[in-house]
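Chains here go by letter, A, B, C and D, matching the order in which they are written, and residues are numbered from 1 within each.
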Amino acid sequence: GCGGDDGDSGSGGGDGKLVLGFSQVGAESGWRTANTKSIQESAASAGVELKFSDAQGKQENQIKAIRNFITQRVDVIAFSPVVESGWDTVLKEAKDANIPVILTDRAVDSQDTSLYKTFIGSDFVLEGKKAGEWLVKDYTGKTDPVNIVELQGTPGAAPANDRKAGFADVIKADPKFKVVASQTGQFTRTDGKQVMETFLKAQPKIDVLYAHNDDMGLGAIEAIEAAGKKPGTDIKIITVDAVKDGMTALSEGKINYIVECSPLLGPQLMDLAKKVKAGETVPQRVLTEETTFTPEQAKAVLAERKY
Amino acid sequence: MSFVRHRLFWPAAILVALLASNIFFSSGFFSITVHDGHLYGSIIDILRRSAPLILVGIGMTLVIATGGIDLSVGSVMAISGALACLLIGDLDNQNSVTGVLLACAAGIALSLVLGIWNGALVASIGIQPIIATLILMVAGRGIAQLITDGQILNVTSAPYKVIGAGYTIALPVSVLIAAGMVAIAVVLTRRTALGLLIEAVGGSPTASRLAGIQARRLTIMVYVFSAICAGIAGLIYSSNVSSADSNAAGNLIELDAILAVVIGGTRLTGGRFSLAGTVLGAVLIETLNVTTVSIGIPVETTLLFKAIVVIVLCLVQSAAFRAKVLRRPSRVGASA
Amino acid sequence: MIDVTAPPGTPPAKARNRVLKQNRRHVPVLATLALLIIMYAVGVANYRGFSDTQVVLNIFVDNAFLLVVAAGMTFVILTGGIDLSVGAVVALTTTVAATLLHAGWPAAVVLPLVLLIGTVLGLGMGAVIHFFQVEPFIATLAGMFLARGIALLINRNSIPITDGFWTAMAEERIRFGPGVFISTSVVIALIVVLIGAYVLAYTRFGRTVYAIGGSADSALLMGLPVGRTRIAVYTLSGFCSALGGVLYSFYMSSGYSLNAQGMELDAIAAVVIGGVLLTGGSGYLFGTVLGVLVLGLIQTIITFQGTLSSWWTRIVVGVLLFAFIVLQRAVTRRTR
Amino acid sequence: MGSRPPVLEMTGIRKVFPGVTALDDVDFRLLPGEVHALMGENGAGKSTLIKVLTGVYGTDGGEIRLGGAAVLFGSPLQAQQAGISTVYQEVNLCTNLSVAENIFIGREPRTLGRIRWAEMRRRAVELLARLDLTLDVSAPLSTYSLAIQQMVAIARAIDIDAKVLILDEPTSSLDASEVAQLFAVMRRLKDAGVAILFVSHFLDQVYEVADRMTVLRNGRLIGEYRTADLPQMQLVARMIGKDLEALEELESQPRSSARELERGPLIAKAVGLGRTGGIAPFDMEIHAGEVVGLAGLLGSGRTEMARLFFGADRADTGHLEIDGKPLVLRSPRTAMAHGIGFSSENRRTEGVVAELSVRENIILALQAARGWTRPIARRRQDELVDKYVKALNIRPADPDMPVRNLSGGNQQKVLLARWLITEPRLLIIDEPTRGIDVGAKAEIQRIVAELADGGTAVLFVSAELDEVLRLSHKIEVLRDRRLVEELDNTDDVDADRVMRTIAGGVAQ
């Protein structure tokens, strides 16, 4: 290109530094912010020049950003898709421009898997399953019906859909488990609290709360306490994510079980980007290193939780 | 029969119908018990949840009465909550009442400045209100995130928690705050001449200028009032969960607030306004939200349910609809 | 009776002023254009690769659907109304189209069908607004809930589109040279804009739209078909939203019920930035095109900057919008 | 008279608004080729009858026959399509559109649906020329004064090819020459067989053009008469329902004159005050107790001059001196702080706030002057409002009625009351008697005279030269937006003399 020659937009690897264009979904939650931080920090320490773009939760912004990365000829493009579908066109453009693409956090449902090199992230269905499995195990041997209420994420969002599906899949085997109410808490504390308040009044008996993320669970805990019940004892609580606030509540016994969904993809992503750039083959799917936590485990790791 | 003709009859009727529908799904819906020395029950919940919307709504009412609109209320909520939580988080003793009060005052003061900003853009520079406040709507949420560094800021301050989740004299503090602000707004507009002057400016800007009304100063005042209301709502919102979530606080509340204003019978073109109507509208909206959960509307159909209620509401509120479809004899013709 | 001995008053020399006056009416649009060019120049000076022709064309490619939606919105706003349902109708269109295509329906059926759905929704809202005298805000808000509610009900997930026609439309590029191209959507959007501009300037319908915006009461007394026109305008906006939705689904190759959230605000902002008065009766469709370009250019600058965190992105969007609006205001005020 | 069947026949018309029966069993007939005057006081129901006829309002009873067939119009559009062309009372045009469009919108010359702009402009120019008006037809209508807008509305109506032409107070702000022009056109149309319904409060005009008249009072039909059979005094008696003696008193108005005046101290002085495109720089003095009248033709700049004294428009040359001290008028507020009041000629867009009640409209300026923190006590409001509702005979006498529901003339009275209660030292009134009936007009003239006696300075603008002559001590004559002469209103000054000055024919 022509125009100004500002140093800050150094493209196309003249200086040998890898340029990574990364399009983030937005900053809709603490989890997401931690994810962004991890990527920024590990880019800096790995000597990767990061072009960061925030899509403010809009797919069209993300497509625009990817197009722009193509125009700017970055070395590798990585992005966390806002939704699963609709990436073929722009990914083909990237392919035509010979720019490898890495998906993070969320997958795309493209038929043509050659459009991206690899996917790194969590398996939301698996997370839902893990939550369900713990519950089944916890109630083995008991025959009383178990009334479950569910706080869903934003309707239509992939983590909400998958965590719901995975959980439902596991508990459906045993008829004693019954989801008596399921509403969206929009992934936020306030909504989690407000919906839980209503559940507590509308439902005569609640044994278990399953929340699609920690924040909603934390909000619900407040509602449960305000109703004079003990979270974790009167009502068992399972959440997903394992952010610091959630882990604190877990260690205090207010939450019973958390399925981790780690935002710290940065180091793995930088590794992959370098490999991809160097033309090495990488696996189609890289899962983030994740685990699950019980209160005891939470106490052990709480001190080193940063996010 | 005269109450049927009252402009708020129909929204009130819908509100009652919504409340009544709950009884089929949760038998204890109307029961109010005393619990830990305060009132406890679904009705109390609804009032408590309505508090932020009522606050934002009355500010919005005055702005709309001058012929303007304020899209930035959600962002102002986020900013004020974020600032208060940031300051409280920095306190040595988070339970210090003065410290908390100072933090809240700072949040409200910042909102006031933002209100002046909006008002100046509209009244002094002459930018169309929707765009003028859109600027703060977009940038404001960024500012709030900047304050919280994109994280959810947690505080563990008992005094702060009182604002949004506490009780005095058996009633939720947030409801009392909202009621207090409504009272202030009513006194300001109806016990002084402010209401009349605002209605005149909204009704006909040219005529009011020629009548010697200082529209510019009034306009700035209403935007400031709206921002202060939003700031207080932001404090309530963040105090309720003892944390500042810059992203979720006040998200899309401007739409609900405008809806509450319109349900309350204030026209978007400005002029005559009704604070009581807005309060009713806000309570109606929150009742709708609670009802969807409490009668167990599945997530997929929640929006559809809301759409139907809003459609019914706007139709039944329309005199033309009642005359044409419900075949009630037109009151205009029937009297005398 | 006074005896008129005076000869008929000599007409003041007005012809001289005529040219000046004509131009004066276009000042806001010209000022917007000039500022847009300046903003572009600033981008070129600061970012490498910004001067690429494709950068400009990409703004069109990326905003073709917004252009179409905003064109429909322009008609509505010119009558003094507002349409909040556009984003939801876009989402509904993409969802329905994707679902039907997924089920194996031919594109030749799906395409007219989704356009029809949007048009009928618009017609319904227009009818409610006209016949039942419901405020456009609340009627279209109900429309928004309804459309998104239906979309959510149809499918919560995003649905890929693999239909041959759709992919062809998505991938077809009209090339002007190596690496210089536009998509078919841009062509469609430009055709819509041209037709719209023609209708507004040269047809009775278009002029009635302006008349209603000037004063609906007067227009009615002048014997203009106010009701019919008003319904038509919302119908048109519904059609444009559906067409925008189709372009959107070309762009995304998918359908999703949460698509285009907040697009109504983008569209309104584009229209108003382009110089159309929200109270109606004044402005041009060309202004709307400029408004869309302004929003697109801001987005592009942000991406080119490439170092902004999420919150700074928002703040910078706000600041750029502010700078633009204030300059626009200053320029147009000076020349008045 | 009975030979030709009526084009239009309304029988037993009834129209009820909440709390007001605007029309009660009214019959009305219109013959082809006649000019028929509809007479009545403010609020008698004239405009309502017209609106019921043309489908703006529905009826609550009665029947309308057009050309023998029963009709019921759902909208003005349908009435227009059936051959009824109407100029409604307030100027109902779209001021954001150009002059040409306002004349032709809905009937534009088109080919294949495409508007032929050039032809439309050409035809607009031709049409306005028939009314002796030269305007820039592509300029937005808002750039023209109310009087011009009224002419444009008339131009629109007469160009519509109609059987029935309805003119509701078309002459309320027109000057003599425009009225003459209009009457010429009306006679031409009448000769072509068009039936014309004409409403005016100017009795002279009515007797000049009307063949027959129908009188309404309080929404009831009083009678239908041939103009020739009903002397003016009797007409007035029928309209207001009082006997003749009471009327004699009304007619004997005092004539102010320069000799009688004891000039008070100088209140306001314009020094080279002017505004480009509005009015050329002028000097003028107004003393306490003095009524200064402005005379001139349509568009001669009277309104512009009055507005400068109030700061409604910013002057770009010269300045104003109040009590000998120079004053920069930044806004009307500054003017009000110095005791100046201004009632605008355009009551609909610049005067009343339609949504607010009569009471609120009346106290608005006083309240604005006091500031929002010092509301006027309710008792005081009631006193003030009651006084002027009575004095000006505002009807219905319900202070809580929204002003929009009042008849045009009554709205004008409300506007005037707003300024009277502020007790200004200098009162500027632009066309205060526009659309006001004979009784109220006399009352307003009496009030103006009284104010002056009490030491108020009054700047009086009216298109009715008689009125200006009768009230003013001093007459400022304007021509082509320039102050051309100042006349002391002595006995040798009469309408002729002023008209000659206006025309620029004679110097002295």
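Following the convention adopted for this analysis, contacts are C-beta pairs under 8 Å (C-beta built on N, C-alpha and C of every residue); 3 or more make two chains touch, one makes a residue touch a chain.
Each chain and its UniProt protein: B, C = Sugar ABC transporter permease; D = Sugar ABC transporter ATP-binding protein.
Computed from a predicted model, the values in this text were never measured in an experiment.
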Chains contacting each of chain C and chain D, listed by label: B
Relative to chain A, chain with the most remote C-alpha centre: D
Distance between the centres, which are taken as Cα means, of chain C and chain A, whole angstrom: 35
Centre distance in Å when chain B and chain C are each reduced to the mean of their C-alpha atoms: 30
Rounded Å distance, chain A centre to chain B centre (Cα mean): 33
Whole-Å gap between the CA centroids of chain A and chain D: 71
Junction residues of chain B, two or more chains touched: 145, 150, 300, 302
Contacts with 2+ other chains: residues of chain D: none
For chain A, residues that touch 2 or more chains besides their own: 27, 33, 36, 155
Inter-chain touch pairs (all): A-B, A-C, B-C, B-D, C-D
Residue ranges of chain C touching chain D (in the complex, touch as defined): 1-12, 14-15, 17-18, 21-22, 25, 202-204, 207-208, 210-211, 213-215, 217-227, 281-282
Residues on chain A engaged by chain B in the complex (per definition of touch): 27-30, 33, 36, 152, 155, 181-184, 186, 188-191, 193-195, 197-199, 201-202, 215, 218-219, 222, 226-228, 245, 307
Chain B to chain D touching residues, read off their complex: 191-194, 196-197, 199-200, 203-204, 206-214, 218, 271-272, 331-333, 335-336
Contacting residues of chain B [partner chain C, same complex]: 71, 125-132, 134-136, 138-146, 150, 255, 258-259, 262-263, 267-269, 300-308, 310-311, 314-315, 317-321, 324
Chain C residues within the chain A interface of the complex: 44-52, 54-55, 58, 61-62, 98, 152, 156-162, 167, 170-171, 248, 251-262, 299-300, 302-304, 306-311, 313-314
